[in-house]
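Listed after this line are the structures, all set down as structure tokens.
Two complexes, one shared chain (chain A), two partners (chain B, chain C).
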Partner chain A sequence: MIEINNLTFTYPTGTNALKELNLKINDGEKIGIIGQNGAGKTTLIKNLNGLLKPTKGSVIVNGVDTRNVQIADMSKTVGFVFQNPADQIFNPTIKGEIEFGLVQQGFKKNEIKHRTDSVLKNIKLYEKRNVHPSNLNYSERKLLTIASVLAMDPKIIIFDEPITGQDYKGKIAVEKIIHSLKDKTVIIISHDMEFIARMVDRIIVMCDGRIIADDSKIKIFQNNKALCTAFVEPPEALKISKKLGLKPCLTIEECIEEAKKVFK
Partner chain B sequence: MDILKFKNFSWTYEGFNTPIIKKINLTIKKGEFVGMIGRVGAGRSSLCSSILGLIPHFYPGKFEGNIIVDGVDVETSSLSKLSTIVGLVFQSPTNQLSGAGTTVEEELAFGLENLGIQRHEIIKRVEEMVKLIGLEKFSSRNPFELSGGQQQKVAIASVLIMEPKILVMDEPTAQLDPLGTKLVFDLIKKLASKGITILLNTQNVDQLAEFADRIIIMDKGEIAADGDARSILTDITLLKKYGIEPSQLTTLSYKMKEKKLWNKPLCLTMKDAEEMVCEVMKR
Partner chain C sequence: MPRTILISYIERDSLIHKLNPLTKLTALICVIILAFILGPVNNLILFALILPLSYISKLTWDVFKPIRYLLIIFAILFSIQGLFYPFRLTPLYTIPFTNIIIWKEGIIYAAEISARLLVMMVYGFLFVLTTHPGDLVNALRKLKMPYKVGYIVLSTLHVIPSIQMQVETIIDAQKSRGLDVSGNIIKRLRAYVPLLGPLFIGSVQQAVERTMALEARAFSADCEKTSFRQTVFRKRDRNIIIATVIISVTVGVLSWIY
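And then the complex of A and B:
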């Protein structure tokens, strides 16, 4: 469980990026964080894994206060997939990229091999395991960064804009992986509302360093005041289903099913 | 009038055996708004880099064929000459921002200063651009202290302010929120109406549906399809063949057609979808 109490974060430049946030996230929840650029979304998630420490207030992750632990220790519990794979990849081989975190966490050799082989087979890069990551295309590099986090099996996984720059095939691959994380707490930042609607159950709307709404996805996408304040548009399926007089739908698939029932 | 012409253009990066771009022949007319789509690795970003001359003047490799930009031969011209004609917006602002200025205003002025534009003209253009792209609150801040999306707005503004004849954008709004994306596209639309030629490389078919006149699909370094925006973007079979996700509205009308709820051409814009909704409701 994550408990955020009166969290305030001010950058050394004086920018007050988070203002007295209070938030509770239960184990296994699938959460989306949405809002304008500069709303504080990335600053918030960097406070969850200890990359940033609160200026005031506290962040408690599974009973541990992030102010009292090293980032390396936090990474056992909270995995962070960066937006840009180039910010995360630094090893000369694909295999080495996966192994690095496991070595740092003190896993035994055979366990490291087992986990590395397993995640590389899962993302279909096992055959290329000795290749330099720069020989992979963008989608494959993104999958590699996700796999390097999954190999450490953290309880909480944070994705910052996971489908930015992905083509259709890449998007599907990322969605499949996230959907498979059933027992994990998953937190996703994205500007793609169709993607958010498909992937999460609960949405947190941020604006100017504050949480302005926190509810189920269907309620958030019908909360016009919060969406307008954060300059967010709901998924097109919702607009169409409303125009057709159907029950509110968040995906095209739901919309078709509802339309079939009504317009036989 | 043709402003951009590729003649049998191929490009192979140094250290690679096979070309990333293979014998492309392509002509773009002045004032056209062309969208470019395709799988990751199709060669789209390389094609964008070649128009500004980063290929072959910055990246080493084997250049074959010709690229003529507004009458200038890319292979024999210099980057500085080409930069007066072509503006290239990168996907990541860290690749774009010069770091030469300590404020957003200075960053925007940097390119103009290098072109020797008069001081009063620089001040005027910077003020207008800051306002147009919604950067008023941040104009005195260091660009590197802004969020990723805000940095991208600065990066885009730093190119638009140069008023290039050809604007090439490589996934320019991938990091922007919906409002930022709308601001950028409103601005691009305004530029297009002034006769600027635009080539937009994106994965976002919804954006192209609204703005582009013509669509090019690239696949494995070749041009796989080239046609008007509506016919390409509503051809679900073609899009699927090249790994492209159709727009939400096109998908919706396609599925309604499959379920026999709709029997007319597929939707591309919200206006099409509204017409479809009105007709379905009449039944």
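And then the complex of A and C:
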């Protein structure tokens, strides 16, 4: 469980990026964080794994105050997939990239091999395990960064813009992986509302360093005031279902099913 | 959003900001020459003069934080020179239970270099923080400097904060996977080695992309370039340059004589 109490964060440049946030995230929840660029989304998630320490207030992750622990220790609980794979990948082989985090955490050889092979098979890169990561395309590199975090098996996984720059195949692969994380707490930042609608149950809307709405996805996407303030457009499926007079739907698939029922 | 103070121009309404970049550049060159002429004690006096200048430029103490990185260089300098200075004569201290001697001449030599570095760093830093890169290039171009050379100066000043931000992101990415960058200096240096790969690759990629972006926007076009930013060389700039040169030559000559 994550508990955020009166979290305020100010950068050394004086920018007040987060203003007295209060938030509670339960185990296993799938959360989406949305809002404009500069709303404070990335600053908030960097406070969750201790990369940033609160200027005021506290962040408690599974009973541990992030101010009192090293990031290296927090990485056992909170996994963080960065937006740009180039910032993360540096090992000469795909296998080595997966092993890096496990080695840092002191796992034994057998366990490292087992976990590495397992995630590599999962993302279908097992056959290429000895290849240099620069030989992979962007989508595959992104999958590799996700896999390197999954191998560490943290309870909470944060994805910062996981499908930005991805082709269709890459998007589907990322969605499949996130869907498979049933017992994990998943936090996703994205500007793609269709993706958010498919992936999460609860949405937090941020604007100017504050949480302006926090509710179930269906309620958030019908909260025009919050969406307008945060300059966010709801998914197309919701607009279509409204125009057709159907029950509000967030995905095209839901919309088709609903239309079939109504217009039978 | 970067966590560290970026080494780039900070806008303030101050006298130093308003000076022509060439005035500040001349003063910086004078200071650097003086730093090489003066001894460590006089260099520390020169260093102290940064305090009123930073006050006049309305820059807070925060902007001097990157100077702390010099401490690592100083530690290395004093260790190496103190132990291995080639013209060593006078033992200063013998480390107990060992035969390791720290030599007085080495420590003095390290102090001289450190004082010079300190002076050059703070004045160079003040120059970068108070001079808009565009104004600098514009002023240099008025001195008939080729446009491409001007761009090299400009891009260098832009690249520093960009690399700073990239380093921060890469460090965050590796820390999030359990990389421990705490502990003694050797442990820290070893931990930072993995960061060099993504940084180097990223910088090369950025340079290639920037080259293509420049060419796509007619960088090599063979015509007279214009500029949005205009710099004015006022009477006060001329007076400050004359005063700086006279003071520097006087101090330099006096220091050389005595």
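As a working rule, the second predicted complex is superposed on the first by the 264 of 264 C-alpha atoms of A that agree within 3 Å, B and C clash if a C-alpha of one lies under 4 Å from a C-alpha of the other, contacts with A are read in each partner's own complex, and residues count from 1 in each chain.
Just so we're on the same page, a contact is a pair of C-beta atoms (placed from the backbone, for glycine too) under 8 Å apart; a residue touches a chain by one contact, two chains touch by 3 or more.
Bear in mind that the values here come from a model prediction, so they are computed numbers and not experimental data.
On the superposed chain A, the positions of chain B and chain C overlap enough to count as a clash. When the two complexes are overlaid on their common chain A, residue A:Val205 makes contact with neither chain B nor chain C. In the superposition on chain A, A:Leu120 makes contact with neither chain B nor chain C. Once the two complexes are overlaid on the shared chain, A:Gln70 sits against chain C while remaining clear of chain B.
When the two complexes are overlaid on their common chain A, residue A:Thr13 makes contact with chain B and with chain C alike. Contacts of A:Asn84 after superposition on the shared chain: both chain B and chain C are touched. Of the two partner chains, neither chain B nor chain C is touched by A:Ala213.
In the superposition on chain A, A:Asn137 contacts chain B only, with no contact to chain C. In the three-chain superposition, chain C clashes with chain B only at 115-123, the remaining stretches of 115-123, 133-141, 151-159 or 259-267 being clear. In the superposition on chain A, the residues of chain A contacting both chain B and chain C are 11, 13, 15, 42, 84.
In the complex of the two chains, the chain B residues touching chain A come out as 38-41, 91-92, 142, 145-150, 152-153, 171, 174-181, 203, 243-245, 248-249, 251-252, 255-256, 259, 261, 270, 273-274, 277, 280-281, 283.
Within the complex formed with chain B, the chain A residues making contact are 11, 13, 15, 35-38, 42, 83-84, 137-139, 161, 164-171, 191, 193-194, 231-233, 235-237, 239-240, 243-245, 252-253, 255-256, 259-260, 263. By the touch criterion stated above, chain C contacts chain A in their complex at residues 1-5, 62, 65, 166, 169-170, 172-180, 182, 194-198, 201-202, 205.
Residues of chain A that touch chain C in their complex: 11-13, 15, 17, 42-43, 46, 49, 51-52, 70-72, 75-76, 78-80, 82, 84, 86-91, 100-101, 104-105, 134, 148-149, 152.
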